[in-house]
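These notes open a run of structures that come right after.
Both of the next two complexes hold chain A, though its partner changes from chain B to chain C.
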Partner chain A sequence: MALVSGPGRAGALPDELQLAVEAHVKYIQSLDTRRDELEYWLTEHLRLNGLYWGVTALHLLNRPDALPRTETIDFVLSCQAENGGFGAAPGHDAHLLSTVSGIQILAMVDGYEELEKRGKVVAFEGKEYKGKEVVGRYLSGLQNKETGTFAGDEWGEEDTRFLYAGLNGLNLLGLLDLVNVDLAVDYIVSCANFDGGYGVSPGAESHSGQIFTCLAALSIAKRIDTVDKDKLGQWLSERQVEQGGLNGRPEKLEDVCYSWWVASSMTMIGRLHWIDGKKLTEFILRCQDPVGGGFADRPGDMVDVFHTCFGVAGLSLLEFEGLEEVDAV
Partner chain B sequence: MGKYEGDPVWDDVVPIPQDDGEGALAAIAYTDEYAEAMGYLRAVMAAKEYSPRVLDLTEHIISMNAAHYTVWLYRASTLLALNSSIPVELEWVNNVALDNQKNYQIWHHRQILIDHLYDSMSSDPAALKSLAESEVAFMTEMFNEDSKNYHVWSYRQWVVRKLDLFDKGEIECIETLLRQDVRNNSAWSHRFFVVFSNPKYCTPGSKATEYDPKIPGEILDREIEFAKAATFEAPQNQSPWNYLRGVLKKGGRKLSSLECFAGEFVKIPEVGEEDIKSSHALDFLADVWAQKGENEKADKALTLLGDKYDRIRKNYWDWRRTSLK
Partner chain C sequence: MASHGVARPATIVPRTEQERIEEEREIKQYRELEDLIRSKIAERQYTVEVLELTSKLLKKNPEYYTIWNVRRRLLIYGLFSKPLDSSSHSTESQNISQTDIPTTSSAKPFSSSSISSEASSTTPQNPASQSHGKNGTTLDIIKADLDFLFPLMMKYPKCYWLWNYRLWLLQEGNQRLGAEFAQELWSRELILVGKMLVKDSRNFHGWGYRRTVVSQLESPKLNGKSMVEAEFEYTTKMIHGDKGLSNFSAWHRRSKLIPRLLDERHANDATRRKFLDDEFDLIISAMYTDSYPYAQSAWFYYQFLMTTLTDYIGHATITPNFTTLDRSEYVIRQLAILKDMLDGAEDCKWIYSALIEYTLALCQMEEREPDIDEKQDCKAWLAELRKLDPLRSGRWADLDNSLRK
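Moving on to the complex of A and B:
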């Protein structure tokens, strides 16, 4: 799956807004055939993440079979590195984010059995493990035992995105007990800001994307009770602008991906009804290319698979007809 | 023939091509160049080679694609292994950062460099001061391009902690940015961090959302006056209104202490048309009145918000009304 943007542009919709399901499916299917384009190679470091966004969008569009299951699993397994984690493409070093994308894809296409059969056998502290256990131990090794947060790789870059990704991956594997969840929760609580939001680290500005990662991690840890829901809900609802779309921070432009980060956050604290769902739906639909398929960040811009995934996911949260229901976490 | 294939410096290296399954490589010349360089990078990484030519190679790859994190990580380990000059590297990184505003790998790379530099000069106050000045100067340059760049602001918080910059100079920097754009929420957020995490007077570990009895009264007064002045400049700017609530909470002061001030923006006469200059002021007053038990006035304010001044969030304001009872 490539992350190449375009070729289509969003906009030019008929009067009545509709979701162009077939066009979006074809768009996602076509992405991996564009290897003669420069951008395909420049986005190699995100290949597995891109595949995840594509597979997710197809599942939500009710077309899970639109990408071949066997090849998908083969590709994911070919990205596994010697230390048990997954790299973004075959031969790449393992990274937390691509590992979690790998787990998410395997979970969606029911591929755990293949992981058990064909995954790498890796020794941790002198003992050999296989399958899910290997991936789980790779992830748990990235948790900082003092602060509770996670590093992205052996270099120790830390932020709340990684913390969420780590807990999410372990939870999907059923191996959450490999890490210290309470400590992770304490770290997130320390990222809460005076305006009700959360940032990338303690003291950092509130940002819708980071709020999503914090709330999703707290949901997985079953500790959403630590959140000031009314204050955060108000801040999140203020992200809706007159045109109906949502922005990531005050005084910034709206963007389709925030339809997901903000709306799913509001769902997790039970406050989604505080924004105007009809206006948001219309905004998301204006961001699609109804002919070539795909979604852009805002009307008139170039489409890409990232915004396609989060546009469709946003519509699903808003209970748009014909879409699979998405889990906010 | 590629750049590296024909270069005697690289004669001893056999590049490792990307194994992406089927699919022929690229018609575009630029793509060939990138693919070749990556092939050589894979080969040197496999051989764990840390040498000056690796620095050249990674610089070349980063010039084509600054978002590939593996390249940055390998460059950092090579720099440290060779004991290369960090200031020289920083100067180069500055230019790359200015050309790649959205990239965050650069900022992590910079942290590794500064960490390393800090260890070598931690007992030399003059050197640390000059390091702090050059970091601030560079961030100012970045903010001239985009004063809300999230990566730069996160990095700035890291630098403030690392080099202990909770001082007057930092506050002045923020004020300069807010004078340029009073709606810069990033600058407001950073100000809160600097003022209310200052180890000289704050309770260690006090959270941003809780009362801290150790904050001196004159600091609270100063912050309130600063935010008030900004609301007069742009009444509909939500940042200073959020800031005011945050300051009151930190200082353990009541919302009602600012009732008169908020009233400057809101006139609701018994008869006739109301005059509302800021929906945030109306929201603030609704909370003040609800706390004082003046539910009728609060209800009127919330109704105005839902029906007239902030209709897109009508459901929210309706919920606030029901929670008055």
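Moving on to the complex of A and C:
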């Protein structure tokens, strides 16, 4: 899946409020055929993540078979590195984010069996493992044993995004017991700010993307009880701007991807009804290109698969007709 | 990359034949460069020439994280003057398995267990690296690499990999250079991040980076001392800058610095009280004069100050020795100020919402139910909120329900 943006352009007509399912399916299908565009190659470092966004959007659009299953699995497995993690494309270094994308795709297309059969055999502490266990041990090796958070790869960048992605991947593999979940929860609690939100690390400004990752990690750990729901709900509800869309932080521009980060966060703390769902739906629909398919960050901008996934997921969360129901976590 | 804010003309003009050929040529060049780097690395050519090839590629595509990793390995195995004794990258890494990744310190890179393909087997010192055997060279290389990054960061200020690689370089400096040299490098970073935040005063990468730089400069290993006063001044400057009132990043940073600032000043109760008064004055007068009481950033900072009074257990506090009576008095005074503020700003939802929130908080602090007047006031303010802010009508409905209890 390529992240090549365009050629489509998000909805020109303000009253265009139909979801252009077929156009979106075709758009996603077309992404891997654009090898004659430079941007296809410049986005190779996000290929596996892009495939995840595409597959997710197709599943939510009720078109899970729109991409061929065998080729999808083959591509995912071809991204596995020698250390058991997955890179973004064959020959790219393993990274936690692409590894979790790989797991998510395999989970969606029912591909674990192939991973067991064809995944790399890797030794950890002198013992050989295969299949899911290998991927799980790659992920658990990235947890900081002292603080509980996760690094993105062996070079050590830490971020609450990685903490969530790590727990999510391990949870999908059924291997959550490989890491110290309680310590991870303590870390998230230490990231909480006076406004009820969370940042990338302790002391960092609240940010809707990080709030999503922290709430989702707490949901996986079954510790959403640690959240100040009213205070955070207030802060999140103020992300909705007049145009109906949501922004990521106070006094920033709205963006379709926050339809997911903010709205799913509000769902996890039972406060989704604190914003105007109808206006948000309309905003998301205005961001689609009804002809060429795909969603952009804002009406009139270039579409891409990232915003397509989170636009569709946002609509699904808002129970838009005809979409599969999405799990907020 | 996912495109943000990239507008597209109304009609899409197909590429001309000439443009298509040009793009094809660019693709070919790009992919050849990529292949060249990969083959050089497979041959373990950790040389300056290959480093330059990665520079060329990364200028075209700073998001290509694997190439940043290649660059790290080039430096570690070839170009830095000598391997580290403590966490040797080139000798100890060979047999370390994934689970041995040292996770003892969040600041320390995990580079001692690089187990990716290029690094996992023997990594002989390249002959070319011998010429870099002097101590000064590592410093020069790090400086040159930091200089290489700067224009890229100005161009792509939101690229995670750039910030991440830059920090890694500086951490390497900490491990490989004397404290004096490392300190000099980090000091330069404070200036750099200052420039980045002038360019975009809300860049959260920039603010996060600033916190890291400051904590490094304060650390004992760099013979540092506290910079909390200077940093607090910095937030004051940012708040008074262009659109400063709307700079929630600066307000947030300020909220985090205050408790430490007061501790380090050994502030007594009277000084703390004065400090709190001054902060209230700052935010209230900013709401009155700077623009208008509609900027939500200012209201979140106001919430922070109020939280130190109403919800202080487990949260930051400015006046820890306040009695319950002191706290009540302060909240009552603020409620009066808020009511005054309504005059001329009757359409400002933030004032109504604050009035309700802190009226209820006062009752809670005094462990009592709202009296009839308070209930009436809250209902009237809530009615205004529902009119002014229909987007959040669900929230106001919940608040209405809780007021009826």
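Simple rule for what comes next: the second predicted complex is superposed on the first by the 325 of 329 C-alpha atoms of A that agree within 3 Å, B and C clash if a C-alpha of one lies under 4 Å from a C-alpha of the other, contacts with A are read in each partner's own complex, and residues count from 1 in each chain.
Here is the rule we go by: a contact is a pair of C-beta atoms (placed from the backbone, for glycine too) under 8 Å apart; a residue touches a chain by one contact, two chains touch by 3 or more.
Quick caveat, the model's predicted, so the values are computed rather than measured.
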item	value
Simultaneous placement of chain C and chain B on chain A, clash or fit	clash
First (chain B), second (chain C), both or neither touched by A:P90	first
First (chain B), second (chain C), both or neither touched by A:H273	both
First, second, both or neither for A:N168, with chain B first and chain C second	neither
Touching partner for A:S206 - first (chain B), second (chain C), both, neither	both
More chain A residues in contact - chain B or chain C	C
First, second, both or neither for A:Q234, with chain B first and chain C second	both
Contacts of A:D195 with chain B and chain C, given as first, second, both or neither	both
Chain B versus chain C as contact partner of A:E82, first or second or both or neither	second
Chain A positions touched by chain B in one structure and by chain C in the second	36-38, 41-42, 44-45, 91-93, 95, 152-153, 155, 157, 193-195, 199-201, 203-207, 233-235, 237-238, 240, 242, 244, 249-252, 271, 273-276, 279
Of chain B, residues touching chain A in the complex	16, 18-21, 23-28, 30-31, 34-35, 38, 42, 64-65, 67-70, 73, 76, 108, 111-112, 148, 150, 153-154, 157-158, 183-186, 189-190, 192-193, 196-197, 207-209, 237-239, 242-243, 245-246, 249-250, 312-316, 319
List of chain A residues in touch with chain C within their complex	3, 5-7, 9, 12, 36-38, 41-46, 81-84, 87-88, 91-95, 122-126, 137-138, 140-147, 149, 151-158, 193-195, 199-201, 203-207, 233-235, 237-238, 240, 242, 244, 249-253, 255, 257, 271, 273-276, 279, 296-298, 300-307
Touch list for chain A against partner chain B, complex	35-38, 41-42, 44-45, 47, 75, 78, 89-93, 95, 152-153, 155, 157, 159, 189-190, 192-196, 199-207, 228, 233-235, 237-238, 240, 242, 244, 249-252, 271, 273-276, 279
Contact set on chain C toward chain A in their complex	1-10, 12, 20, 23-24, 26-27, 30-31, 38, 60-61, 63-66, 69, 72, 97-101, 103-106, 108-111, 113-117, 120, 160, 164, 167-168, 202, 204, 207-208, 211, 246, 248-249, 252-253, 255-256, 295-297, 300, 303-304, 307, 315-316, 390-395, 398
